[in-house]
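What follows is a set of notes on a single structure, which appears directly below.
Labels A, B and C are assigned to the chains in the order they are written; within every chain, residues are numbered from 1.
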């Protein structure tokens, strides 16, 4: 039932090669849309539509990977990390739209402000355990969004209010390509940070906190500092994604940078791909994002759900998603990477065992 | 209070609700000592250990380490000063291997000779050898037997390079052979220069390895001295076995 | 002065709804250790059942409350027995995600059936109330509070005086020991969740009377239920009652502050919760675990 060492390695190798090929294609294909390439008659492998999807995927890779630092590695399942995305977006948004800063100067401040907020809020919050921490962090996510949209100063909305922020368009050639590579760079950064964390003293301390916080503290791990640092790091990366998003999307308001669904999506992506691994959350992000878009009918490849009108389509998509979430949570607690990493073979008995372990 | 005391407890008190689990405890440990703490269940032994290691905050009194007060310090700071401890119910890091568990101790722990990643894993291997777990170093915790997990717990604490090691009932649940092995392990740790303070119920251990024993009852120090002497003390027998048995023993 | 009294009265009356929203949530949390993110959806289903009955049969809305309770009890029992029981021993993150998924499904099914239009229920006596000088006690709010108190009393009765209630208490105290004395965990768990859902259903019926409902209108109530339970203290129905009334008061006074208003509802709820968690985690009436 448990894969042997040899097939372990075989699967891992197959998976890594497949992933590398996909990543190479994703990064190089968009270059075919450059004018220079077009005039050289290179076939168009990726157009604007795919660039937009790819950029969104990269965005979720950042968010899922970042969440994994506090949720998967440290074991504190934060449920409101979208707050940091929104804070990053509004920070850059405000600096560019209101204070007229150049975008590339305003961008680095997004992770800084997000991290500062995380540290401020994290100090009291991370003292809470289990349910309390999860819902308190959910509350943060919701409350921050609400506050940012509705705070008024002398009758004027401070952050643009309900009508949101409009950023001047960033002037650069091949804008879509630029933002794709910028967001991908952020994704690569998050993965690199995770890789570093997992092999550093810091990361070992975080895992110790996750496994047994009391033991970790008597062994010399400064649990408070480490937890807050982990939270801040996750916030910084998430905030960076938000900052890039604000200029890419040109428009920022409560609905598009503080959506509650993002909280669950990033967690689900990390879970699906396998928490505690370097590439897991990224894999989960790619899979889940494509799935959500596919169900919603926004991909060129689509299918018609019988008996469902186009109006009802998005609603049915959400239902299918909810059902999928339920099924995944019940049957596959350890994630997709478990299978491809060779730890276990996807089999009926594995699913049955999962079920038995967790049900009454 | 002598100047040579490494650890000093003065009037240490810890309350839970209205009950004083530890009530005005005074004693000293000298450097290099190996002292046993005994007493009936509920006497406050583990609470005392928790107070020393910083897991509990004191309600009264003071604890001094090498002359300086450590009362109110966070557990990780006390660990960095050189005080290590094990837990009665072992708390291993479940998803890691034995080596990684011990390496955590080596990576953190006392500030004295803190190691980098490579050095920490090397130290972990040394300590695993010391406790007899070298062969199982790469096994996950779930594959270890109970005596092995207890050894792992001790190894992890030793890897923090402590100057004082607090052991909380490491012998509990072990059979005679395993106890002998554990005794050897405690002796070698002590021989390497570590002061040892151990809570035990197994008297053979106290008598066999401790130079001094402190008896706790209802949160207070009842008696103190050489193990054989203390164990024959009337009050101690009464505390453990009850008044009537003590009387019977006396009259027999 | 009269203004202050009016605020207090309004606060207590509004608190009735929060009590109803909170008791079911607290029961499921306290016994099953599940933070039910689908709670809001269950509440709004109750609202829709009430609306449907009032519109179709012209019943007085308060008479539909027992129907809400029964219908949602059945739904809750089925959900627990069929779905939630499967991951109940998994780490907390999974129960969170599962109940979130349930919420997604329930809300969207409602959207399919009822669409996103707002519906409301307005009894003949809406807007009227007892008057004492300048102080008004609206009838609807008064009966709502009474219904909520009745609901809590009924729940407390079931928990303390019936066999299944004692079984539930036993499980809350020590799950393994409860099994050892022969309590059927699956059934008892399902009953617990069913009771929680029933309370949510009643709360939904009450809510339909005071606001227009739409499938997504239940969302804020989940967070507010959480705050109510934390405020009062997890563990006893009476504690949640206190929490609900207190929350009603806080909201009434919070809304009277010029410039703010219900826009900040979630922010106030969250702020209060964090305050309580950091200063007095056992709540107003709870005992420190």
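The rule is short, and it goes like this: a contact is a pair of C-beta atoms (placed from the backbone, for glycine too) under 8 Å apart; a residue touches a chain by one contact, two chains touch by 3 or more.
Predicted model only: the values in this text are computed from it and were never measured.
Asker: Please indicate the chain closest to the centre of the assembly, with centres calculated from CA atoms only.
Answerer: That would be chain A.
Asker: Among the chain pairs here, which one is joined by the most contacts?
Answerer: Greatest number of C-beta pairs in contact occurs for A-C.
Asker: Using the average of all C-alpha atoms in each chain as its centre, how far is it in Å between subunit B and subunit C?
Answerer: 49
Asker: If you average the CA atoms of subunit A and of subunit B, how far apart do the two points sit, in angstrom?
Answerer: Between these chains, centre-to-centre, one finds 45 Å.
Asker: Approximately how many whole Å separate the CA-defined centres of subunit A and subunit C?
Answerer: The separation of the two C-alpha centroids amounts to 32 Å.
Asker: Listing for subunit A: what residues touch at least two other chains?
Answerer: none
Asker: What residues on subunit A touch subunit B, complex-wise?
Answerer: My answer: residues 199-201, 204-205, 207-208, 211-212, 214-224, 276.
Asker: Of all residues in subunit C, which touch subunit A in the complex?
Answerer: Within the complex, subunit C touches subunit A at residues 29, 33, 35, 83, 85-90, 92-94, 96-98, 100-105, 108-109, 111-112, 185-186, 189, 219, 223, 226, 230, 259, 263-267, 269-271, 273-274, 277-278, 281.
Asker: Considering the complex alone, what residue numbers of subunit B touch subunit A?
Answerer: 53-55, 74-76, 78-80, 84-85, 87, 91-96, 100, 103-105, 107-110, 116-117, 120, 156-157, 160
Asker: Which residues of subunit A touch subunit C once you look at their complex with the stated criterion?
Answerer: 71, 77, 79, 124-125, 127-128, 130-132, 134-136, 138-140, 142-143, 146-147, 150, 152, 260, 264, 267-268, 271, 312, 315-316, 318-319, 321-326, 329-330, 333, 355, 357-360
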